[in-house]
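Have a look at these structures, which come just after this line.
Shared between the two complexes below is chain A, which pairs with chain B and chain C, respectively.
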Partner chain A sequence: MASEKYITSGCTISNNTVYKNGEIIFESRGTDVQSFLLSVYKHFEINYSRFYKMDNLCKLGWLASEILLKDDFKTVNYKPEEIGLILSNANSSLDTDQKYLASVRDIPSPSLFVYTLPNLVTGEICIRNNFKGEDAFFVFESFNAEFIERYVSNLLDNNNLQACICGWVELLESEYKAALFLVEKVKKENAVTFTAANMNNLFEDKSKSPEVYIAGVGVITATGNNVAECLASFEKEEAGIGEITMMNTVHRNELPVAEVKLTNKKLVEMTGLPKDISRTTLLSLVAAREALDDAAIPGLSSLRTGFVSANTVGGMDRSEAFFIDFIADNSKGKLRNVFDHECGSVTEAVADQLGITDYMTTISTACSSSANAIFYGARLIKNNVLDVVVAGGAEALTKFTLNGFNTLMILDKEFCKPFDENRRGLNLGEGAGYVVLVSEKVAKTLNDPLYCKLSGYNNSNDAYHQTASSPDGTGSYLAMTRALEKSGLHPSDIDYINLHGTGTPNNDSAEGTAVKRVFDPHYPPMSSTKSFTGHTLGASGGIEAVFSVLAIRHGIVYPNLRFETKMNELPFAPETRFLKDQKIKNVMSNSFGFGGNCTSLIFSEI
Partner chain B sequence: MKIYIRSSAAISPQKTIGNVSFLTEPVEYTGTRLQAIEPDYSAFIDPKLIRRMSHVIKMGVAAAKECLNTADIEVPGAIITGTALGCLEDTLTFLTRLIELKEELLPPTAFIQSTHNTVAAQIALMLKCHSYNNTFVHKGISFESALLDAIMLLKEKEADNILVGGTEEMTDTSFIVLNRLGLFKRWPLSNLSLFDTPSKGTIGGEGAAFFLLTAKPSTDNLAELNGVQTFYKPSGIPDTEKKINAFLALHDLKINDIDLVIIGKNGDLKNDEIYNQLGATLLNEVSIANYKHLCGEYPVSSSFALWMAANIIKREEVPDVVREMDIKNLKPRKVLIYNHYLNLYHSLMLVSAC
Partner chain C sequence: MSAVYIISDDILSPIGVTTAENFGQLKNGVSGVKQHHNKAIADQPFYAALFNNSSFIGDDKYTVFEQLLIASINEALQKTSLNVADKKTALIISSTKGNISLLETETASTALKKRIAMPTSAKLVSDYFGFVNQPIVVSNACISGIMAIITGMRLIRSGQYENVVVAGADLISKFILSGFQSFQAISPNPCKPFDINRDGITLGEGAATVILSARQNNTRDIKVMGGAVSNDANHISAPSRTGEELSMAIKKTLAEANVESDAVNFISAHGTATVYNDEMEAKAITLAGLQNVPINSLKGYYGHTLGAAGLIESIISIQSLKENIIIPTLGFDELGVSTPINVCKELHLGDYKNCLKTASGFGGCNAAVLFSKQ
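Up next is the complex of A and B:
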């Protein structure tokens, strides 16, 4: 029977440094191994005379176990037979073997000879603590977290053990490293799930990365001008797709799109921005302002605040107007219309309105742009560059993108049907979506409850083709698995996937294959909200991040509209109903784009 | 954690790529548009692919490849680029056809290659590099944003051997539009005498410069990259001075510890006023070098400056053509790059000898 298992303590000793649970607790400079180990022994005021008899490998492993178990491990909670030890290294007892061999030339040293076995380390730890459960010592070329996870899980799941110390103890001449993990079935404070990825993180001495929380959300799409309206449309299962009404294009009445239901004039009134500004800027400001208001951060002006926004064609809607006149005569065309052509201009204009000056930047990686903006924002907080980041993206419909996707023949002339066997393509949409990310410190000052945290993220590249996805979904598979690794979660922990799900034959096939590779045979509910909003390109990652966050807050799963027939190649189908009152703890949001850019984000309940 | 520039390669309006001397034979231009000197791309890119690539893609991919070759790295741990305008040529081609052909029967190639991340994507595709891939497109700090991302990735121990670069192309159309916007000088002049007669406007440029950043020390490293910082809309010269001093203080330095300051003067009166004022105050005792007369003004020109700084440190020489005046230390060990973009975005990069 599989049970919940946690790493309740971790200790790493390497490079003259002792880490406990990812934090440095002792450092010493420029000493040899022997004296370093002695300085650790003395620093932690351990009194155990056997220590002086041990060889260096045993000293290292034994010291790591002492530090691992000190403070809150109570042996009285277990019977001696219930505690085991599973260790490993690359060079067995070679360090002492060589010393023993050198001693043989004169008089063979019995005190060295007894340590010419690696499992003496496990022995020393068991003697000290009276552990009597299963123990073993394995030899691998390098730390094999996957093997240790499987082996130890088996012992714990079959109740051979209730607690196990496992890991790596390696020492050869001046090179050494110990990384021990205490695995128990009870969750303690600061415990992390027992996974290979979490062991690897601790093994690599990656100091514990600070959490980044979501404190506010804002969104505008074809289904609604704010969070409440978008949520209401989901519940009513009303898509925002329809005929083109605003753009002056030959494709009117031919290609459906998902327009935001506000004219530029109305958006200008709402935002107070100048009337000739790009629609992308207008949409961006509406959603970013909603997010920042929603977060209601006390004393915002005294915090280091940033704006990381994404879009793919900047002020293209205005540039199109400029170029009509310019092409006819290079001295014509209103310069004001081309002045904000750059993607960065959109970000800058909105940051100015929000009063954000500490940091701003713009990301453009096609349709994964704003997912990348969100986790770049989180990393700015983790790296202590900023305290608060408004992150996401915006995109308005343009003739440029409409015709671009049309030339690729991936626009559906009907309403799109993501993940359906008979899907024919995507519908373009427009909108903006932003989350407000805050540091642990800022989170403590908020009056309103936080939404959730960003627990995992990854950006991987498909490296297959400029526009098409690889048949086995390499990039999306890597993004999903590495994001899971980052979050320390198993695929089975994911309660909902907000798919990229554009509705094109190629994307849904590649993404579906990758989902199968990651999740088979246990699929969480999943859906593409692009069946409501259309594909909003550079805004999609931001908009769908907002929906993912709201899924956790309200316990909902969004329906995948118009789905009829399961894809032949896939064993699963998307969720077609609006589900309420669900227990949604972890949500994965996928965003994939041209250039092979694949990004997955994972949001988790706090 | 120390971060090093393992290697660097630049394609620019000067002879900078391949086995060439270090800016000893500056190329003179007499117009207001400096165009990159293109290498034989077949040395870097599969000839079948070259044909389909636009100017900026070729420059970017070739500079990236040369940078990796020099470092003897086949596949980097991440690819990050900065570009304000992205693939302009393809963007404008598609936009022009869309208007001229009235949205009918358009060929898709230009659209496909118009996305801003095309250069980073093409490098990944060529190297089959599945790692982190990102593109920053924020005006005059696009390159600095990419650099900050690379530094954070190294600090997070998420990746090593990070390829980071700045790319920008000037097209005939963008030159005309920028000219109409008043960016360039109204009469031709020699780029080599750009700073002699201050007047309104600058000269336009373009280029691609790539860097391989690593956390591993090596005698082959060009220089140490101590840090990068940007700031927005400073309230005036005193504020700018305060920010520069604060940046230096982060690295336990004062301005007089800096052997050489590379500044972003571009010949435009208003633009250069800031450097001139600082030259009379904060920078009045340090040695100064210029670079925009060599590469022209463009949003990621600071990547050219970083290429120059890394080479100055490694080669222990300051080319004559970049010296503003007598240089106190001919083998600078600490170099500060200070550039501003329209007095909106200011950036600082600190590089030192390993």
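Up next is the complex of A and C:
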């Protein structure tokens, strides 16, 4: 009774992309589900007026069946009752159920109600093709290839059917995926044997979220003006923290900071930017340009490129210069000094210099800003909105932030000691750090090896206090565990943690508790590179992402400077030595900010 | 093909909590259909067969829908010594809308969507009893219940499982009633299947369970002989104009069961009492050469119980075979379909061996299954 059965055609639609037999045959730019489905309909020049009446679930499944059957399927080879459909999904017709229920409050819509059954998808495909054989709709938590294989095989072996379309059609709000397989008893060109494994291969390959790779890095901090200088400082264990030399403040000789060792004049010479521009813009351009040069992407101008940059106080340094004159006499003060005050102005000026015009945006979520910029950039690539994104952040030291943190009484008058029992607070720093994120497609065109990929990320809120972390580190715990979940990694897979580790009693206690909850009892090496660079606020996530990427590239672990005494409440201590020749496959980078905004990124070896 | 036995069953409906109670009520002509004034469901009074209570196992960890399934499965299991934890035992759940009423009463959230998803209910029910295999959910409009029996039959015949517990349930909420009303499909009175004055359906709530097995438990066990499903390929909500596709499913079923059409003793029809459904069914029955066979619809007693209908009506048919009684079609008075079929108006007694059960639903789907006495 059992005969050979083949998948003679396969069609997958997900992530704005249509695949036929594993090959991409149509891609669309980032758009909503409704418009995407319409663009598929139009692209394949299908003319079927019923399409416009269908709900989104039916549109999706019906389009997949059209593409599945086009080209070489001949309906005339079978009698109508010999062709059937066995489909499945997880959420039944919930997408339309919600829309129908919304209509009930006004006038219940019969045209929506009819689609509140999942098997309407099979009905629509039957109507279109005059298929009259068995059709069934099953609901499983996830695609159950084994069940479908057995069920369809049974129908074909017992001659209930001679051909069957089977698979998965799921759509709920903006999430959707269709994977249909045509199963026949005759072998055709490119056919594969009908097995659960072969269905899963076709299903999985296209269902996994597209990878986002790191192709370039750039950084400027108090420890160095570029990647090479920063790496050298780590190896020499030389912190960039010292007395205030550039800012004109009453706190000189009283509060140590980590200044970039270049004056504005020097930075203007290096970048070619106008002399009155914000120091934040200057730092941003230096690091972003280094990153983009490092990535050396062939044909960049023909790719969809974006700049996602973070900072917390924009051109505040220039606004402060304006206010000295303005406060004395409110008819005075150079207005060009406030021109760059808002955060977005920095991004715009740098994007102009980089020649990036497709997309730019600014993220400002306190100390997690640039970590958020990086994973937002990654999502723009995953969703096929962009091909390349320069993502990270920049921050210059200002009186505004120095005085602000001072009033919060979380600045250390000595050099900071992250994760030490006797830590007293943080040192502010300045700098910029950017990574160049590229899509799978762009990655294939590069001449230089990729650094790694961004395998996991998450942003969660601590929901506890505006400027203090919860004792249990709820937000940090959620960010770390969910980023791990996203990456598909276990805590034991992490080879190094670049801690947020500001050196304040509160942060290190909360972060340490969260680390304990996630990693106990096996702790990977970890350190806070803020012991070198100070806390660069809106730039810190970007700078530390660069360090995390470099840890994988060079197999290194950075020391946590000035650590002496293990915290009583924690069973672990940070790494104090510069470690070389390590096998670093996966690095977690933490960035937690005021407002309870907690982000963890995970970078992984390719 | 190997035999598939129905070793236990249960109906949990507004008129009874066991199969025996339900069948007794039907023999006495008792209907669950009543007029309801329930503002939570509709502004105007409406006829339906609804439960009075909203708790069936007294554990609010489970929704009413899940409690119905659990209570019905529990009752069916008590009559057997089946080991649900055996890896050769599977669970199939049939429903059209499951927990959809939560969408009306709870605040929308990701967690709520997960709670409404039918695999969540299936898992809860499965875990309650300790089934070890992943439950299978069938959601195929109004043929769901029969589809679930056919699926169970096939899973046993293919050798994958030895026992399959098939349970179905649906509840009536504003969502469902307003939808059928928007179609002008609800009768203002209790429904009148196949009658000349029929003017629409009456909805109902219920749950039912059958336990299928490769092994006979009792010499009285009824066998599932065959089943088939077809599609009209005509219209998403209106039935076929010819009845050809349902007749195709009937013919395939008889062929698979190896039973001639003249050996069919009675038919338990879908008989929703809409003008078009009953007309289509009459045509299909005639096309299959079964126009003289006694036929009934049970919608006058239970209303249309959607995902549970195929199961409830199959169990009544099974009981009819066991007791040699055909239940009359409540609400039917004068034949109102264009092809003359033999609609049962009174209770029939006889020697019945084979019963055909059919159903049709939105999406153009049709199903038939044949039950036989040994």
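Here is the rule we use: the second predicted complex is superposed on the first by the 399 of 606 C-alpha atoms of A that agree within 3 Å, B and C clash if a C-alpha of one lies under 4 Å from a C-alpha of the other, contacts with A are read in each partner's own complex, and residues count from 1 in each chain.
Criterion: a contact is a pair of C-beta atoms (placed from the backbone, for glycine too) under 8 Å apart; a residue touches a chain by one contact, two chains touch by 3 or more.
These figures come from a predicted structure and were not determined experimentally.
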item	value
Touching partner for A:119 - first (chain B), second (chain C), both, neither	second
Partner chain in contact with A:138 - chain B first, chain C second, else both or neither	second
Which superposed partner A:80 touches (first chain B, second chain C, both, neither)	second
Chain A residues touched by each partner, larger count belonging to chain B or chain C	B
Which superposed partner A:172 touches (first chain B, second chain C, both, neither)	second
Touching partner for A:404 - first (chain B), second (chain C), both, neither	first
Which of chain B and chain C A:160 touches, first, second, both or neither	second
Partner chain(s) touched by A:338 [first = chain B, second = chain C, both, neither]	first
Chain A positions touched by chain B in one structure and by chain C in the second	none
Footprint of chain A on chain C - complex, ascending	96-98, 100, 103-104, 108, 113, 116-119, 122-123, 134, 136-141, 147, 151, 154, 158, 160, 174-175, 178-183, 228-237, 245, 248, 252, 361-365
Chain B residues touching chain A - in the complex, by the definition given at the top	79, 84-86, 91-92, 94-96, 98-100, 102-104, 106-108, 111-118, 120-122, 124-125, 127-139, 141-142, 145, 148-149, 152, 155-157, 176-177, 180-181, 230, 232-233, 344
Footprint of chain B on chain A - complex, ascending	204, 206, 209, 249-251, 312, 314, 319-320, 323-324, 326-327, 330-331, 335, 338-339, 341-345, 347-348, 357-366, 372, 376, 379-380, 382-383, 385, 399-400, 403-404, 406-408, 459-467, 474-475, 478, 593-597
Residue ranges of chain A in contact with chain C within the complex	80-81, 84-85, 90-92, 94, 97-98, 100-101, 104, 107-110, 113-114, 116-120, 122-124, 126-127, 129-141, 144, 147, 150-151, 154, 160, 172
